[in-house]
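What follows is a single structure, and I will ask about it in a moment.
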Amino acid sequence: MSSTIFILLRQELLLSLLIFLLLFIKIGKERSNESILNIINVLLFINLAAGLFGSSEGGAFNGMFTSNAFIVLEKNILNLAMLLISMQSYAWLKNHKQLAEFYLLLFTSLLGMFFMISSGNLLMFYLGLEMSTIPLAAAANFDLAKRKSSEAAMKLILSSAFSSGILLMGISFLYGTSGTLSFDILTAHISNNPMQLFGFILLVSGFAFKISAVPFHLWTADVYEGSPVAVTAFLSVVSKAAVLFTFTSILYKVFTPIATLWYSVLVVLSIATILIGNLFALRQDNFKRFLAFSSIAQVGFILIGISGSSQAGSASLVYFVLIYVFSNLAAFGVVSVVSALAGKENISDFKGFYKTNPFLSWVLTIALFSLAGVPPTAGFFGKLFLMMAGAAKDNYGLIIFASLNMVVSFYYYLKVVKAIFMEENETPIQKLSIPKITQLAMYICIAGIIITGLASLVYDYIYSLSIGI
Amino acid sequence: MSNYLYILWIPLLPLATFVVLGLFGRKYFAKTAGIIGTASLLTSTLLSFVAAKQYFFVDGKVNGVYQRIIALKYTWLQFSPNVSIDMGVIVDPISVMMLIVVTSVSLMVHVFSLGYMKGEERFATYYAFLSLFTFSMLGLILSVNIFQVYMFWELVGVSSFLLIGYYFNKPSAVAASKKAFIVTRFADLGFLIGILIIGFYGGSLDIGLLIEKFTSVQSPEFISITTASFLGASMLTWGLVLIFMGGAGKSAMFPLHIWLPDAMEGPTPVSALIHAATMVVAGVYLVARLFPVFSMDEAALTIVTYVGAFSALLAAVIACTQTDIKRVLAYSTMSQIGYMMFALGISKNGGESGLGFMASMFHLFTHAFFKSLLFLGAGSVIHMVHSNEMKDMGGLRKLMPITHAAFLIACLAIAGIPPFAGFFSKEEILTAAFHENKLIYGVALFTAALTSFYMFRLYFNIFWSKEAAAKAHHHDAHSQHNDTHDHGEGTWTMKLPLLILAACAVGVGFIPFSQFITSDGAAIETHIDMVFSIAPVALSIIAILLSASFYKSHNAKSDKAVAFFGGFYRAAYKKFYVDELYLFITKKIVFPLIGQPIAWADRNIVDGFMLLLANTTAKISTAIKGLQSGKVQNYALYFFGGVLALSVLFIYIWK
Amino acid sequence: MNEIPLTHILFVSTALFFIGMYGLFTRRNIITMLMSIELMLNSVNINFVAFNKYLFPDKLDGLFFSLFIITIAAAEAAVAIAIIINLYRSHQSIDVDDATEMKF
Amino acid sequence: MNLSLLILLPLLTALLILMSKQLAQIRVIGLVGSLAQLGTAGWLLKLYMDQRAAGNTATHLFESNTVWFKALNINYHIGIDGISLAMILLTSLIVVAGILVSWTMEKLSKEYFFLLVLLSMGAYGFFISLDLFTLFFFLEVAVIPKFLLIGIWGSGKKENSAMKLALMLMAGSALVFVGLMGIYYNTHTFDMVEIGRMGISLGVQKFFFPFVFLGFGIFAALFPFHTWVPDGHASAPTAASMFLAGISMKLGGYGCLRMAALMPDAAHSYSWIIILLATIAIIYGAFATMMQTDLKYINAYSSISHCGFVILGIGMLNKTSINGAVIQMVSHGLMTALFFAAIGMIYSRTHTRMVAQLGGLLKAMPFISTVFVIAGLCSLGLPGFSGFVAEMTVFMGSWQNPDGVYRLATVISAASIVVTAVYILRATGKTIMGPISNEHALLPDATWNEKLAAGLLIVGILIIGLAPFLINQLIMPTTDFLMINIDKALTLK
């Protein structure tokens, strides 16, 4: 048992340390929320920083846990997202009694995701998955008083339990046909065996549920709408990102023999997802719900990228997720500030928002443009690279479909911008005083949105790490 | 070959005047604009006389033939290696002749306007526009390149538009200017396409080259253009006829003449300059300029002939019925131009048989003087009576003796009474017609008679016809009253041009025109055959006497005549309903049947389609909202459905 | 005593799985739905154990997996129950159809 | 000289504007910045001409190629030839005029000028980029500012117009993107020069040309996809209309031209469709204009008709016609910007754009009326103004093609000059001439900035109109080169 394992697992260990620290804070003497929040943010920053140093290649627990630079990068992205979320929910948590629990839940879930991402074994993967899901169900219910919150939690826990049931069925079939749970050995046993394929289908459905691809997406909107903004942000960015990473790596690593099969699955899923996501997003007025459906549509685009099944494919996926972290969290940041300080969550409330809150308006606008994929924001590059990766398969029907759907998505993003800038409102949201730290987070997001796209070295770095089939 | 570059100054001076007056006139030269314009034009007039002297008497002739000299040629816009628009100065008999005509008439008008337009608010602008017109007209004359012709053609059109619409707050003037521009523009479309055809087959736009190529029967260009045919006519015919269409538009040939009478809304001196002497003969000039090419195509020439003859007759008939003196003059202009046209049409190229060409040019020359004289005369009459209507006039001969004398001379000239200028040119035309085409000759003769009839109808109605005199006196007193600085006949600046032009109207007929200007540049001998002249002159005199008996003193004869002609008279009075026809086509066909449907379709069909797309999307999204029922069990159900769907897909693609 | 073939067991587990699914789809009481889900998970357990026993008796992956599933299921149930209790607090009912506030 | 300056200057200006406080400061910065752009463009012209005079026969000058996204072989490859230089000059001129016209913009002035400058940046980037990806990037950069400009500062049903414009343009760029993907995966590069060198296989051209051409065609108001033009232009604030018609429609034309040069075979085999659509656009736009009663709508529809000439010239695919198309782009840009400027000046005083409610303005505001008349005369193709040169070149070019159908198309498009005359004169006659109403009788004439703006544009128009050989000199060598490629491709078949 050498010390390399500590370096290999440093992110997980740090996170667990954080969790224990939180427990101590909880049982320790009463502190003011502000101080706790500041401590946590500092710790999170350290956590993020720690990930950046020392790359690590290799496995532990005989292959159950694997790690490499790419995986570390993915985890760093998740850490970054976590940090930003916590900075943005400052205003909401400042006077919330159970903030320690909140962080406990999120950190546990994050830890689960880490294990899931670097799992080398179906068992480990399953553990990680559940570890990341179950705390989120609790977190979704964090506004104990709110009816919607508990409804959301109920929906989440039930459907996720169902999906994990399905997933497990799939895993059991895979196990039954191959007799192993570790990915490396499994790859060798993948064939056209129908039972195995059915198992694969069930597994994919489980994944599709987590990344909320149509028609497995229906829980998404309700849960997003019901749960507190911070949790919604976490769900829509972090958990989705984590599952996507795992999904891609499993597809690319394990199921390479049936690549042609799952390519068509991805195409079908992406078409359905983009279409339904867009069509539903058109009509939404609740901002969180709107972002939920828009993020569903985004997932559709991501699936196109993954379907490229090349180095560019996985690179563009991670790249897009990074951009998505910045853009989506910028949007959620504004929404969370508004809902925490003004208690408004509807798009129609944002009419004339620019008159009272120019800064927030610009942040939101830039974020939305990035989500819509308008240059010079990074979203433009992200989406284009995803589609380019997909186009490598010479499936231009898909590209045409996707690019036309981009136009539809423009419509609803611009509708929000329209409300912010152009429409009048007799009762506009009053001038909000944003916490410094949240402001900082927003600045980081904006900087990220601008730089990640224009500075090509980000993409090149990701590309250099990523691996295709 | 000596240097004619200085000719460049003849058009450039007016241009300079235009720029200066146009930019700073309103501010700085509000009063002195007239002087400046006149002075600069005087210079160009002198220059053009110098040029004429040098060309005709010093070095234009090389072994008995007047040469075409290209004084300047500058490539202005290159289309392709050998097709380009060149700006240049061409010096040959007709261009020099036109120089004289345009500059001198324009000068007269400038001088006349000094008095006539005095105290106008936009005095400077007026002179700026006059200079612009003069520049464009001169440029047109000196063009070496058919496209250059087209450009100045357009410029002439627009300056005429500006001058007709000079009284811009008078709706009728605005309408007239619009009409003039649009009608001529329509004609120019033909011109443009003609140019495209000719240029395409000729492989060049240079007039000299084109003539060279299309006059030699062996040249490949000629062969290609004559062999290529469309709807049975050869491309050459098409090209020339379309070009002639442009000319017809400017020269108010039937059926494109409708703008000319309305154009009389402009200030009278403008009418004298543009709509009598210079612009309206541009069409004639154009045909003359390309005459060698025209002469290669019988069909085109025939069309020119008959259009010209018909217009001459039609206009003369209408002129007999009009009561607005300027309109009468306008129609007489149209009729005279018709003369020139068919004279060209019946002519051949070169030698004695080119008589028609020479005659036409000669008539253009003389007509310029007496017609502008008529207009200026009418101008001073209007200036005094403040009305264009005959009924407001009468017995003015005592009140404005000079005008009266000048007007009479002009009338005699146009009526073709020897020894006035009109006589000689008309004789030549008639002779040519007689030799070429008896029918045309007949028409010409009849028209000549009509001409003298309506001219003298005009004359008598203005200056005799006692009854109206009292009214006229009253008008006179009225005019006395409101401008005391001059008496009825206006300032000397208004009288002087009348005198000069009268002198010309008497004198220019004696110029041995055929020595200078012929179709091929070589002098031909012409003689006035007394026997031949008897018929036309006699007819004219009879017509004059007739109109005297009708209108000299107010009596019922004219009404009887009117009654006698009845419907025909009314038709003629209504200008044979051509205007109505045009109105019908535009207001009843183009606007409601083409414009409005398109505008409607654009809003409702093309744009509507885009809207439909958006709405359908919205509809679909509302239609499928039930999918998100909010019941977690349904969600699970859909989940399972998804699983099944994927399985089906797998079975489908699973080999 | 003679061997029960694997297919029988698999049949049972599949049946169990779909019974659970049916229960989930049809029952209105959230607790019952949770129980149905447990049924599904247990069918998976049967699968694992059966596979392990019949096909790969030399390794214990399947057994371990089922152990973990049981554990996780317990945890899941605990959280679910907590949520349901809270739901009951706010909705005064644990009928799933009463918690359909958010839709469309 | 480094072309990136053309992008950096607007960027710098925009940032300074963001930092500055009150209107006076902002507009001065804007003006200085735009003048700097104009200066740079002029300086660029001089350098370019010198290089050419010095016998530099490279297709693109001031070329610079830096790797952007290495993994995807996307390069920031910039360089200019005569055509793009002409466009750059046009843009810089219009930017200055636009800034001057919106001198007294009070509402959210900072954002307004910022967006204007941003738009101009997009245009410059588009014109200088030789890499299809950067081209596309800048194409879309130029879209969103339009949306905001129209939606925030517009008039009438601005939101709808803005939305319609943004969505249709985005649809256009989506089509372009599909085409680019096709090109990229069949040539494995975005570099236009390289693609031009290696050529694209016929099948690929046949399949993807329609996408790119239609995509850019939407920007250039190609016939069935022009409906964003009237509403967009009509609702936009003056400067935005100027930019829209003067610059952003040119993006489309320029793109179409480049694409036609890139895929000559496809362009050739589809040319009849292109010409058909262009002809329809020309005559249809003209007739539709005849029926309009709102000055801005009049000019918008006439823009459709005039941009038809650009497409026609491209579709005819010969040297003269392409020359004409380019000249027409420049000319139409200046002319229509001038027209919108005049309309804006009138509107800002009379507060109506309805022809019926105006009249006799020449009495009250001689300068503005003169500008209006000049713009009108230019658009009806009067010699001495740029419109004439452009249209005649297009006609000469398209007449080169002896095919009967093409002849017919040429004649029909030529017929539009009559219709143009009709609607221009109707507008002029009703607004500028005729009796003036009392409440308009005492309105003030143009202010210094408006005079300056109009003056600039008029000078541009006159330079082209009076000395076309200058712009010809600039464009000809480039079109020659384009034609060499096109002919090569066409003769190979």
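Should a chain be cited, it is by its letter among A, B, C and D, assigned in written order, with residues numbered from 1 in that chain.
Keep in mind that, in the parts below, a contact is a pair of C-beta atoms (placed from the backbone, for glycine too) under 8 Å apart; a residue touches a chain by one contact, two chains touch by 3 or more.
In this text the structure is predicted, and so the values were computed from the model without any measurement.
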>> Can you tell me which chain is nearest the middle of the complex, judged by mean CA position?
In response: D
> If you tally the C-beta contacts for B-C and for A-B, which one comes out higher?
Replying inline: A-B
> Between chain B and chain C, what's the gap in Å when you average each chain's C-alpha atoms?
Replying inline: 98
> Where the centres are mean C-alpha positions, what is the separation of chain A from chain B, in Å?
Replying inline: 78
>> Centroid of chain B to centroid of chain D, CA atoms only: how many Å?
In response: 37
> Where the centres are mean C-alpha positions, what is the separation of chain A from chain C, in Å?
Replying inline: 27
>> Residues touching two or more other chains, restricted to chain C: which are they?
In response: 21, 24, 33, 96, 99-104
> Of all residues in chain A, which are in touch with two or more distinct other chains?
Replying inline: 154-155, 158, 162, 166, 221-222, 283, 411
> Which positions in chain B touch two or more other chains at once?
Replying inline: 614, 625, 628, 630, 632, 636
> Can you name every pair of chains that touch?
Replying inline: A-B, A-C, A-D, B-C, B-D
> In the complex of these two chains, what residues of chain B are touching chain D?
Replying inline: 26, 75-80, 83, 85, 147, 150-152, 154-155, 158, 161, 165, 168-169, 171, 174-175, 177-178, 181-182, 185-186, 188-189, 192-193, 196, 199-200, 591, 594-596, 598-599, 602, 606-607, 609-610, 614
> For the complex, which residues does chain D have touching chain A?
Replying inline: 67-72, 74, 137-138, 140-141, 143-144, 147-148, 151-152, 158-159, 162-163, 166-167, 170-171, 174-175, 177-178, 181-182, 184-185
> Which chain D residues qualify as touching chain B in the complex?
Replying inline: 164, 167-168, 224, 226-227, 230, 284, 287-288, 290-292, 319-320, 323, 360, 362-363, 366, 377, 380-384, 388-389, 392-393, 395-397, 399-400, 410-411, 414-415, 417-418, 421-422, 425-426, 429, 432-436, 468-469, 472, 476
> Which residues of chain A touch chain C in their complex?
Replying inline: 122-123, 126-127, 130, 134-135, 137-138, 141, 144-148, 150-155, 157-158, 161-162, 164-166, 168-169, 171-173, 175-176, 179-181, 221-222, 225-226, 283, 289
>> Quick check on the complex: what are the chain A residues that touch chain D?
In response: 312, 315, 369, 374-376, 380, 384-385, 387-388, 391-392, 394, 396, 399-400, 403-404, 406-407, 410-411, 414-415, 417-418, 421-423, 456, 459-460, 463
